[in-house]
Amino acid sequence: MQVNENKEFQPLIVAFCCNWCSYAGADLSGTNRLNYPTNVKIIRVPCSCRVNPMFILRAFQKGADGVILCGCHPGDCHYTSGNYFTRRRMTLLFSMLDFLGIERDRTRVEWVSAAEGAKFAATMNEFTEAVKKLGPNRRLEDLRCRKQ
Amino acid sequence: MLKISLENLGKLFDAVAEKQTLYIPTDREDGAAEYRKYESGMKLSKNLNTLRSAKDFFFPQTENLADFKMEGKKIEVIDIREESEDFVVFGVRACDARSFTILDKVFLSEPVDSYYKNRRDHGTIVTMACTKPAETCFCGTFGIDPTAPEGDAACWSDGENLFIQANNEKGQAFIDSVVALLEDGDTAKLDEVKVKTKEILGKLPLANLSTEAFGGDTLMEHFKSEKWAELSESCLGCGTCTFVCPTCQCYDIKDFNTGHEIKRFRCWDSCMYSDFTKMAHGNIRNSQLERFRQRFMHKLVYFPSNNNGEFGCVGCGRCLSKCPISMNIVKVMKALEVK
Amino acid sequence: MQEAIISKAKQLLADGTVNRVIGWKKGEFAYDITPAIFESAEEIDADFVYDDFTSANVSKYLVKESKKEGKVLAFLKPCDTYSLNQLTKEHRVKRENIYVVGIPSDGKLDAEKIKAKGITGITGVEKDGDTLKISTIYGEETMPVAEAMSNKCLSCKSKKHVTYDELIGEDGEVIDSNRFGMVEELENMTSQERYDFWRNELSKCIRCNACRNVCPACTCENCVFDNPDSGVQNKAAADSFEENMFHIIRAFHVAGRCTDCGECSRVCPQNIPLHLLNRKFIKDINSLYGEYQAGADTTSRAPLNDYTQDDCEASIVHERGVE
Amino acid sequence: MNTNDTLIPHIGVVTDIRIDTPDVKTFRVNAIQADGTVSGKVFEHMPGQCAMLSIPGVGEGMFSITSSPTNKDFMEFSIKKCGCLTSWLHAMELGQQITIRGPYGNNFPVETELKGKDLLFIAGGIGLAPLRSVINYVRDNRANYGDVQIVYGSRSKDDLVDYQEILDEWMKDDGITVNLTIDREQEGWDGHVGFVPNYVKELNPSLSKTVLICGPPIMIKFTLAGLKELGFTETQVYTTMELRMKCAVGKCGRCNIGDKYVCKDGPVFRFDQLDELPDEY
Amino acid sequence: MQRIGVFVCHCGTNIAATVDVKAVAEALSHEPGVVISQEYQYMCSEAGQNLVKDAIKEYGLTGVVVCSCSPRMHENTFRKAAAAAGLNPYLVEIANIREQCSWIHKEIATATEKAVILGKAAVAKVHLNTPLTAGESPVAKRALVIGGGIAGIQTALDIAEAGFEVDIVEKEATIGGKMAQIDKTFPTLDCAACILTPKMVEASQNEKITIHSYSEVSAVKGFVGNFTATIKKKKRFVDETKCTGCGLCTEACPMKKVPNAFNLGLNNRSAIYIPFAQAVPKVATIDPNYCLKLRKGDVNDKVCGKCAEACTVGAINYHQQDEYIEQKYGAIVVATGFNPIKLDKYDEFAYNQCPDVVTSLELERLMNAAGPNGGTLLRPSDKTHPHKIVFVQCVGSRCDDSKGKPYCSKICCMYTAKHAMLIREKYPDTEVYVFYIDVRTPGKNFDEFYRRAVEQYNVHYIKGMVGKVTPKADGTIDVQASDLLSNEQLHIDADMVVLATAIEPDQTARPLATMLTTQMDTNDFFTEAHAKLRPVESATAGIFLSGACQGPKDIPETVAQASAAASKAIGLLVKDSITCNPCVAHSNELMCNGCSACEKVCPYGAITYQDKEFRMPDRTIAIRRVAGVNPAVCQGCGACTVACPSGAMDLNGFSNSQIMAEVDAICK
């Protein structure tokens, strides 16, 4: 979380992107100079199915305000089935976070292909806005990690 | 003796809470009692005892010891200790009151643990005599009289009034601070209550449990007992007994990286945990048998051996009701005392 | 029932089918039963008990026991057989070393629930129809049996044994006990209400690990919370985040594997309704991926290790329920 | 708060790193003085005592202080790489700060029981580390002690800790006999080959000696048996068990053997004391 | 202590214009372990790479972070540079500050701040990188081709040509597949048999090729370079080694009323049979469902036995049993081909009611000289010459409903044009109508071919769908259809109706895919590793796709793909060993529960379990079931790492601790 001069809340967004589709999609949105906020920081993973729920919790613990997971479209997984597992895992994880009263809009899964640079940028813009609206992550925050 | 009518107890609490933080046992929605910071209107629990013991106020489950800032090859140590605020823990039972004698022996012996001492110095323990002991109670085994609790000040109830008496200066200071609300009272009825309570104590199922077979000089005999295998076989290795115990004080020290500093903290640990003694070079107590034995040997043999025969258990009975598989110190004692 | 079980145990010991028996041992009071291993008829006669308080699920002990020499006899209640099946499926037990005798259970009592009524000094508990007669050192007390019934039994999912070598008594059926009622209630709350509910509950957690250590699905050789290399190692929750994290990860790790035996809530010294977390996963799995009961069989694919091409998207979480 | 607490560590600076063997390094640690200069010791100690070293965020670990108290300029620690913290320590460069607290535990009774005695030091591998403090203490107070014999063995020549010091100083001292041995034949080694327990028996030391032993448990076990065969009694043999220590203040509840806390009652024990304890070590 | 070098690239102004590269280098120089941090114009240039190489040597770097363009661009470049300087290539990490920073942000301050954070994440990660070495695994110099149609034959021939042993496994009694049943081929109209049978003979005569006809693959284990397949040779009751294919037995066989499968049941054959004259291997096979002796169940009974009597070489063996052969292969090529779909659900076309409604493949047989009518086109019902024939296109193809297939079967347009043309050529008195949705003719000489049918042969192409086909009492067939162009309803009194039936993958493909741990799409076509760039490889290493098993194809495409698959297989077989991707999963056996969760989610079958002895911490010996990952098979997706509850599974290059370190650095 960062607060800039005009005091507008700037959320920290961690995006996990699969190497084959979404990371390439993110690259494409760069190649096409499609803007999205600096709030988004991307971590490259081989496949969306590499993302352990622990990583997502860790991000929230250390100060992320939103976490988004991007992978190949269902059926297009480089590893044929990885994102299908991701889909189930994240559906259940997000449902559990929701069940615990954590804001739903702090987490998202989005399928972005290597050709969808525009979608990547649009998704990131949208997601950042949604998290901005929620304000800082307080419900799944580790107080010790809050920046003074 | 000084007294206040039970109806006015709230006023007494309000008065105390005005000057310092007050913790009283109060009922949760699930019926169990727990200590909570007093807020006006909060009712004192009628339960015999709280789920967690009063030890938590002096030896919390986690506490920050020091912070470190690292930059390049440099390390900065930040002493985060602050003088504790004054606080009162009200309604501590005799068993829990005794636990502080035991904890003091650990934490106030050299080298003194300043974190614990800080809280001890600033905390006043006001105890409450028992009138309705439970079947799991066996404080008498360790020479504790629940009708005459220790602590800085002690309270008794005869059903109408709460009587209060100081056991030391700190207790006296506490009474002095609320003396305006107190009046002199007749203890005749209270004495009756005490007699009745003692009668019940004699009838408790564990009334005859004895420590005779234990103590420092029984070390080898008990350590080598073949009964440990059977006693420990169903132990799950969880820390329930340890964490509800008012005298267990094992801890671990760990570091946590917050991203901008390292926080060194101390947290409760349990000798029942499989990784309790796991260190770089290996694990000293590898089997649950060894770990289980350690816990009970510590309370019944090692501790008395190092502390003039004082046992490391106060008979509060928490582990008896909370152990998931109902294995507990009483069963261990009964098994071991048979030659 | 106890007599039948005892004589079965002695018979199987005597004829050499098994060399030891896992069951329950009576304690100091009416209710403090300890799971125990019996190796002889004498031990069984002396201490074996099967009554209204023998609710401990002994299947987890079989992880270790089934790897020892000889065959072990396990008396399993219907719910326990689900746990055993799940363990068998995950190769955590050697089923061939276990002789399972299925025993009926008409619901177990929870001493904590009796005590929560303010009843103390309990010296004896006896069922009299729908009434529970409790003798205490302070006199006789009564309460409805239903109110003393263990929570896990109140929401029993099945009276049917899913694995056994032999049965004592008649086998029951899978039953519908509205076990998702409380989950639904929570789902219908607002996010803030749910947050408050769980904060209140989870803030009680003392991280004693009883829920984990009793859980028949939690049999990891080395739990991530004990493993310094896992990145989530944690002994005591330092703040609300760590309280949440432990329970989220634990629930997630047993998602699709939890047999809903209810032991986690039973053993929680702080009475946190932990089973609700697991049930939430079960309910989600049932509604999103089709009915699935972990432990019902030993061959089906766990829902989290499976998929279909037209599974719902994770956004379903955003779309359903109240905000 | 103005009270000191031993749990709050001091800062030490690593001012020298010596590579002893492929997995043992010896670190020299100095204090930071009030004026910011790096010199002197963080605290004083007695031979056999330990200190808790730590890199915040990595871990804390107990190590015996290998330098002698008579060394007024610095402290030294010989550390074997075996875990997370020690790997980190081995990766340190000069000038790195570490946290240090102590001294902890009891010491070898150099000023009491050992005084005036003939001493036999038996060490294996990294086990020399705690004894080195005593040996150098004895060398610096030579008049107070009788004969000194050192039997030291390791897997190979390359695994001998402090080899240079042994050659350059100990072996040259009068009244000190050094017997080195390695487990297996090795090129460039013309010394004794064989395991320490056997070597001790071969050397057949005089029964008048008081023995200080430290090394791997298996070595201690067999050496002790050998010593007994030779006629030594357990009251003559001391060892140290600092590996078991954790919090170092007798409170965390780990290191006890029976009712004895290694970190408070030890780490130095005489074998007859250990005999009275349950067989848990 | 790690010694990390940070190299920040300007990429001309691509990065430097929006990111203060000097500030980034300066900020990262303070990160733990960083011993050198510098920036340069073009890091990927030779000079830039030399900068990295020199620094590695000069500072003895243990890790390199390059802040530059996407790792998808130059990760390999810098890895190679590192390797050249003696640093393990996997100790290089890239921070993407171009595509994911400078190109998408405008404000220098925030972009620089983000670039620093991305750099810190890379530094944090590289701290935990471990040197990885690609493993090697030997390659068995033999290929298995599953399916003996034109695809399988071509693949086998090409592989054999390259000098490797090849086994063809064909489930039918002869190789040849669908092409053998086809009469003529489009667009050249040459005779299918004339071009196919020489290839079949070539295959049978090639010393490197072993044909297992009447066989199937019953199990496949192993991984790329090292498969072990079990081939089940079904009992055909004839000793292949003795049978000369003389055919005396087929004549002697008294049971002549067996529907001839080769002619799609349009005529009969004997119970012991040779599918067709040019069958390879030319060996007789007894159909036990019809053989009078075998049908009785007791071979020792003295029933019939005429074939054995007739056989001069004693090849008949009523006692023959299934035989299993186990063989090691380096590569496997799937060429299981296609079948026309079943038309049970298409009552509107009266296929099941009227014998004169036939599928296109049946028409091929009806027109073939070796077919039931010796090549004369006659109505199956009354063996009369049809004068009006209606072709219906897209039967079961391009369907939205569940009856048919959603895809285009691709070949129907062309073969229908072929049929129409051939009929008009041979029987000019026959009127031919073709109902179509679109006519698709993308292929060399395809559209010319179609236009010839319309223009030169006057085939009536009508855009529209046939609604209903009703057999009439007079033997003709009423075809009710709509003409979409003139928008009118038509009724045609046809003598024959030919349905251009959709094609689907062979039934055996699905279980085979499971066996091979390859993926299939919803239509049971094998999924290629990449739709564009790796069309003949499956996602599972060492498994290649040939022909219509991957999707509908015509013969030239099939042959092209068959050769492509062969060349891919050859490319694998020529290697003595294969280098494996080192970023693979590995299991910590001490923590493994043996629960099989990882095995279940592995798309490659890379995980196997074994019982191993372990010394437990309490000094006892225990036998535990633990997972092992075959690094040659694992592709490194990481699905197993999350499925594993104990965290025993981790992934090289993207380990739990590495990813968490990145998270920490980003969130710091």
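In this document, chain identifiers A, B, C, D and E correspond to the written order of the chains, with residue numbering beginning at 1 in each.
As a working rule, contacts are C-beta pairs under 8 Å (C-beta built on N, C-alpha and C of every residue); 3 or more make two chains touch, one makes a residue touch a chain.
As the structure is a prediction and not an experimental result, all values here were calculated from the model.
Common neighbours of subunit B and subunit E (chains touching each): A, C, D.
The fewest steps needed to get from subunit A to subunit E, moving only between touching chains, is 1.
Between the chain pairs A-B and B-C, more C-beta pairs are in contact across B-C. Computed from the mean C-alpha positions, the centre of subunit A lies at a distance of 53 Å from the centre of subunit D. Computed from the mean C-alpha positions, the centre of subunit D lies at a distance of 67 Å from the centre of subunit E. Averaging Cα coordinates per chain places subunit C and subunit E 47 Å apart. Under the contact definition stated at the top, the residues of subunit A that touch 2 or more other chains are 53-54, 58, 62-63, 75, 81, 85, 89, 142, 144-145.
Shown for subunit B are the residues that touch two or more other chains, namely 70, 252, 256-257, 259-260, 269. Counting partner chains per residue, subunit E has residues 601, 643, 656, 660, 664, 667-668 touching two or more of them. In summary, the structure contains touching chain pairs A-B, A-C, A-E, B-C, B-D, B-E, C-E, D-E. Residues 65-66, 68, 70, 73-75, 77, 79, 81-83, 106-107, 109, 111-115, 117-118, 216, 219-220, 223-224, 249-253, 255, 257, 262, 264, 266, 269, 271, 276-277, 279-281, 284-285, 290, 294, 297-298, 301-303, 305-306 of subunit B touch subunit D in their complex. Residues 256, 258-260, 263 of subunit B touch subunit A in their complex. The touching residues of subunit A, when paired with subunit E in their complex, are 12, 14, 19, 23-24, 26-31, 33-36, 38, 41-47, 49-55, 58-59, 62-64, 75, 77-82, 85, 89, 121, 145.
Across the interface of their complex, subunit A is touched by residues 183, 186-187, 191-199, 224, 230-232, 238-242, 244-245, 248-249, 251-252, 255, 277, 280-281, 284-285, 288-289, 303-309, 311-318, 321, 323 of subunit C. Touching subunit B in their complex are the following residues of subunit A: 62-63, 142, 144-145, 147-148.
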